[in-house]
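Per-chain residue numbering starts at 1, and chain names A, B, C and D are given in the order in which the chains are listed.
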C-alpha cells in the first residue's frame, strides 16, 4: 500500500497506523516537503516502514506499481490528478479528500469552487462509511475507488442516519452544530491557527458555507430516502484532536422518544451485528471527546424532550477523533474491506489518553 | 455597597471591579471561607477596599446597615434568605443568582427544584438586562430588587431579542447551542472540573434540563410578544472564561435577510442610542470569545441563508465574558442605574488579553 | 495479577495496560469508590478484565490468594499496610508509592513525615528502575517486593545517572528543574487543581521540600558512587500528562563534552543492549513531552557549553509520561521481570497522539 | 508619540496601552501588513487613536516629525535603521529590540549574528529597567535613546539583582531556568507555533545559545560588580502570555538566609521607595504566572535551603507578563520618565484575569 500526502496530519496518522498493521506492507510515502528523508525519523514509526524514504508524487507513483492500493491524503486538487493515474496502473484508490464524495460534477464544483478534472470516475466512486447502511461494505469490497468521508460528516451522519432510516425524524430542517480540534485545519504555517490565536478562544467559522454541509445532507438524504434540509455550523476548539457534533431534529409524529436509542442500538449494537467502532451511550452528556481521541471509535448519545414548550426536540451528540475515525482510521477500515481483510484489522487496541 | 458571597468567582470579579469603581465605596464583603481575612490579600485589590476584612453573612448584614445596595453573589438558596433581610434594612439588592428571575413561584420551583421562600418579592423584582428593551433602564432605576440575568441568557438573549422584537423571526422553535468556560461552574473542589478532566475535552451537559432554558425562553417571549419554544444545549469548553452562543431561528415570511443586521444595529448602535457594551459585527465568524473576555462587552454577528435547501435559516453568534457581562459587570451596570450614576461607570476601559 | 488502588490515575492506567497484556490475567481490582462496579464500565477496558468488579481492599486481598503478583497504586500509608499482608499470602508486590523506596526507615520518615509501619521489608525491597544499572534486572527478577520509582525521579535519573556512572560530572551540586502535567497530582476533588486555577498558569510548588528530592539524590548517589548534593524544583504545567526535567551539572575536569552523549548511547543504545524504552536524541531541544506521552518511553538529550563564561555547564533534558514510564508502565516492566516474561511485553506499540 | 512595528504583539500591546494613556497622544503607527487600515478596526482601541491609519515605516517617519518620542517594536535590523533617522529628527527613541542593549558592538554581533549598523549610538543608549538600580531613572530621564530590556532578562534580573547588589550570593555560576508563553515568539505564520504543535507540549529551545543569556549576565554583572557566569534555558509553555523564571544561586559564605527576602523588600518595598510594579511574596510557590499576566507587575519569591545536602542553595522565582512588564509596559515606564510624566501613568489599574 502507498500513502500519498504522507506529511500532513492525516497522512502521518495513516503512516503510523499502517506501519503497525499486520496485514499491510507500506511501499511508498509521498511528500514534497520531506522528499528524501527517512520515514522512521519524521513519523516516529518503527519496523520496516521506518526504512522507507519519502518521495515526490512522481517517484511514489513509480513505487506504487504493483501495490494493491493507495491512500490519498492529499488536497482535492492533487487527488483529482493522482487517482486516475493510480487506477490506470491497477492500484485501487482510497481518497481522503472531497474529490470523489459527490456523484455529480456540478455539485462538486458548486461546493469546492474549482473544476472537477476526473468526472468519469464519479459514478464508480463508493462513499466509504461502512456503518452507514447495509450494502456499503459490499460496495467497498467491490470498488476500485473509495471516497473516504469527511470528518464532520462522519460524526454527524453516524449519529443521525439510523434515526432517519427508521423514520423517526420529522421532515423538518436539521441543525448540526459541531466543534473540531485544530488538527482538522491541517498542517500548515498559519498565523490564525497559532497557539496565541487559538488558545482560550472559541469561534464559529465558514458559517452557512462549509463544504461539509452538502456532504452531510447527501448522506442523510440517502438514509431518509428524501432530501434533508440542513444547516451546519463548525466551530474551532482549543484542543488538538477530536470532533463533537450536537445535532437537532424533531421526532416524527406518532413516534415514541424511546425508539430513538433503540434505533441506534439496532443499527450499531444488534446481536450478530455489533459495530466495533460505534458506541451508543446512555445520554448525550456521556459522550466525551477525549474518550474517543486516539481511537477509531464514534460515541453517540441521544435525548428527546418528551414534554414542554419544545416537546419532540431530538438532540444527538456524537464524537470522533477527526484524524482516525474522521480520516485515516476509517480509510483503513475501507482498505481492509478492499483487500478482503478483517475490517477492524490494525484498528483495535488504539487507546485514548 | 456590600458584596455577599465575595469569594466565589463572580463575587471576586465584583469585588475587583467595585474596588476601582469611582462612584462606589465597598463597606462589606461576606465570605464564610475567608472570614476574617483581608480583602487585599485574597482578592488582590488595592486602595481602601484592600483593608476590608471578609466576614460571615451575619456580620456582613450588620456592616451593610446604611449601605445603598448589596450585590448577592450567593447561591439561590442563600439569596432567598438574604434579600428580604437586606431589603428590610433599606438596602437595595441586586441578586446574581436565579432566585428572582421568574415572576412566578411555580416556574422558579419547577426550574430550581426547591421551594421559593420569598415569593412576595417576585412581583417587584426587575430583570436587569439594560439593553434588552426600552423601559428596562427606567424599571431598574426605580427598583428595590434587581434580578441580574444568567450568563447564558445574557449572551443568547442579546443576540436574538432585537430580531424577535422586530418581527423578523418566524414562529418556529429556536435552538441555542452554547459553550462556556470553566469559571461558569463556580469555584469549588470538584474532580469533574479538574484540569485533568476538562483539558482536551469538550462535552455537552444538562441537555434538555438546564435551568437557563426557561430563563432564555422567558426573555425572548417578552421580546417576541408570544411564547418562544426553545431548546438549549450548554457545553463545557477547555477555557477559563467566556461564553459563545450559536442560535438558530428562521426568517419570518416576507422579510429580507438584510433586515437582520439592520435590526441589531438599530437596537444597539443607533444614533443617539449607541450601547457602549454591545457590538454588532459583520458576520458570525467575526465574533470571538477572547475579544470580549475581561470586558463587559457582548459581540454579536448574524447571518442568513438566502438560498439553498435550508434557505431562511438565521444563525446568530454572540459572545460575552460569563463573569463580567454575564455576572458582575452587568450587576454593576444595574448598580449604577440604581444609584443614579452613569450606567457605564467603572466598566469602560476593561481590556481583553 | 491484582491491582490495588485501581481508580486513581496510575491504577487506571495499570488496569488499561494489563487488560490488554498478553501474559497476564487480572484477578482483582480494589477501589473503595467504585466498589461493586464493573471494570468495563469505569475503566473502558474490553475483554475478560471488563467483567471484573471493583472491590474493597479486604475483598481484593481475598481475591488475590493464588495471584502471582499485586500492583499497589495506593498512597504510601495504604501500601505500608497492604504489602506485608499480600507478601504473607505469597503474592509478590510491586508498590508504586514511596513506601519502600528508601533503604532506611529514618530517611523515609524524614521525607514522608509519618511512621514507617513495615520497616522489616525495607532491606529486601528492590528499587525497580531496570535501565538504571547492571544488576537491577536480576535483582527485580529475584525480588518479592519491588519499589517502583517515582515519576520525577525516573525522568531525572535516567538522564543523569549514566553521566555520573561514567565519571563525567564534577562533584558539584546538581539542579533538577522539572515540570509535570496535572495527572501527577492524582485524582481528587480539589479547587487548586481545577481547570480554572491551572489553565494559563505555571508555578513552582513544594520548593526545597518535595519528597522526590531525596529519592533522586539517592539514585544518583548509587550511580556516582558518592553523595550527590541536589536541588529539585517541580512546577505544575497546564497539560494533562507528562514530565520534562531540565537538569544542570558540570563536566568533570579533563573530560570532553562529546563523551556525554556517548555515555548515554552506551548506556541505552549500545549494540546488543538497546533499551526499548529509552531514546537518546541529538539535543535537549529535540526532547518533546508530547512525543512520549502515552508511551513507556523516556527521551533524553544532553548539551554542554564548550566555551564561554559558564563553560563546562551540562544541561540534560529528559521527558516521560508520568503515568506510564513514571508509574504504571515501569511497574509493568518490573512485573514482566518478576514473572519471567519479556520485559517489554504489553508495553510496545503504545502510541503518542 | 509614534509606534513603529505596531502590528506585532508588543506593538499592539503598546498601541492599546498608549491609546488610553492620559498623558500621551499617538501620532503614527507603522505597519507594513496593515498599511492604510484603521487602528480602531485592527487593534480594537477606542478614542482618538482609533482614527489613526497604519502606515509604512517611511510614511510613519514623516508623521513622527515633531513627535516627542517613538517606540520601536520592530526587529533589531529595523530598529538599527529607524533609530538614527528618528533621533536625527529630534525624536527620542525607546527601542524594544535587542539592538541597543549591549554597550559594545562586538558583543551585539556575537549575540545577534549580524552587523551592528549604528554603533555610534551604543555609548549613549540607556538600559531602561527602572527598578534595577539607583541611577537608572535619572539616566532614562536624560536619555535620547533607551534600550528597553528583553522579556526573560526582566524577569530574571529583577529577581536576582538585589541579591547580588547586597553581596548575598556566592561567586558561583548561576542557573536561570525559565518558561514563556507563545506570544514571546512574536506574531507570525509558523507551523511550529501552531496550536497543534504547542498544545499539550513543553520543551526547551535554544539551549545554551539564547540571545538573552548575555543580556541577563550583563545586567547581573552590573548589580554584582563582577562577572556572573550564567546558564539560561528557555522553555515554551502552552499558555499565551507570561514568563516565569526559576533561578538558582548559592548564599554567600557567612550570610543568613533571612537576608534574602529582606534585600528584596529593601530594593522594592522600602518605606518611601515602594515600587508600584514589583511585589515580593512570601515564597517562590506563591509566585503565579496568571496573577501578573495583563499587568505591568513582576512578582518575586525567594527561598534558601538552610540545612541538608545542598544547604545554601538559593531559589528565586519571578513572573511577569512578557508583553507588558517584559515589553510594552516597561517601555511606557521609560516613556513616562523620558517625558517627565509620572512613571506609572497609564500602567496602574491593568488587571489580571
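The criterion applied here is as follows: a residue touches a chain if its C-beta (ideal position, glycine included) is under 8 Å from a C-beta of that chain, and two chains touch if they have at least 3 such contacts.
Predicted model, so just to flag it, every value in this text is computed and none were measured.
*Asks:* Assuming a repeat means more than half of the contact pairs shared by residue number, which candidate in B-D, A-B or B-C repeats A-D?
*Replies:* Looking at which residue pairs coincide with A-D, the repeat is B-C.
*Asks:* So which one's got more C-beta contacts, A-C or C-D?
*Replies:* Higher C-beta contact count between the two pairs: C-D.
*Asks:* Go ahead and note the Å separation of the Cα centroids belonging to subunit C and subunit D.
*Replies:* Roughly 39 Å separates the two chain centres.
*Asks:* Go ahead and note the Å separation of the Cα centroids belonging to subunit B and subunit C.
*Replies:* A distance of 47 Å separates the two centres.
*Asks:* Per the centroid of Cα atoms for each chain, what is the distance between subunit A and subunit C, given in Å?
*Replies:* Computed from C-alpha means, the inter-chain centre distance equals 38 Å.
*Asks:* Residues of subunit C that contact two or more other chains, please.
*Replies:* 199-200, 238-241, 293
*Asks:* What residues of subunit C sit close enough to touch subunit B in their complex?
*Replies:* Going by the criterion above, the answer is residues 9, 181-183, 185, 187-191, 193-200, 238-240.
*Asks:* Mind pulling up the subunit C residues that touch subunit D in the complex?
*Replies:* Listed in rising order, the residues of subunit C that touch subunit D are 173, 175, 177, 179, 200-208, 217, 227-231, 233, 235, 237-242, 244, 246, 248, 250, 283-285, 287-290, 293, 303-305, 309-310, 313, 315, 317.
*Asks:* For a test of understanding, state which residues of subunit A touch subunit C in their complex under the given definition.
*Replies:* Residues in contact with subunit C: 16, 20, 44, 199-200, 240-241, 291, 293-294, 349-353.
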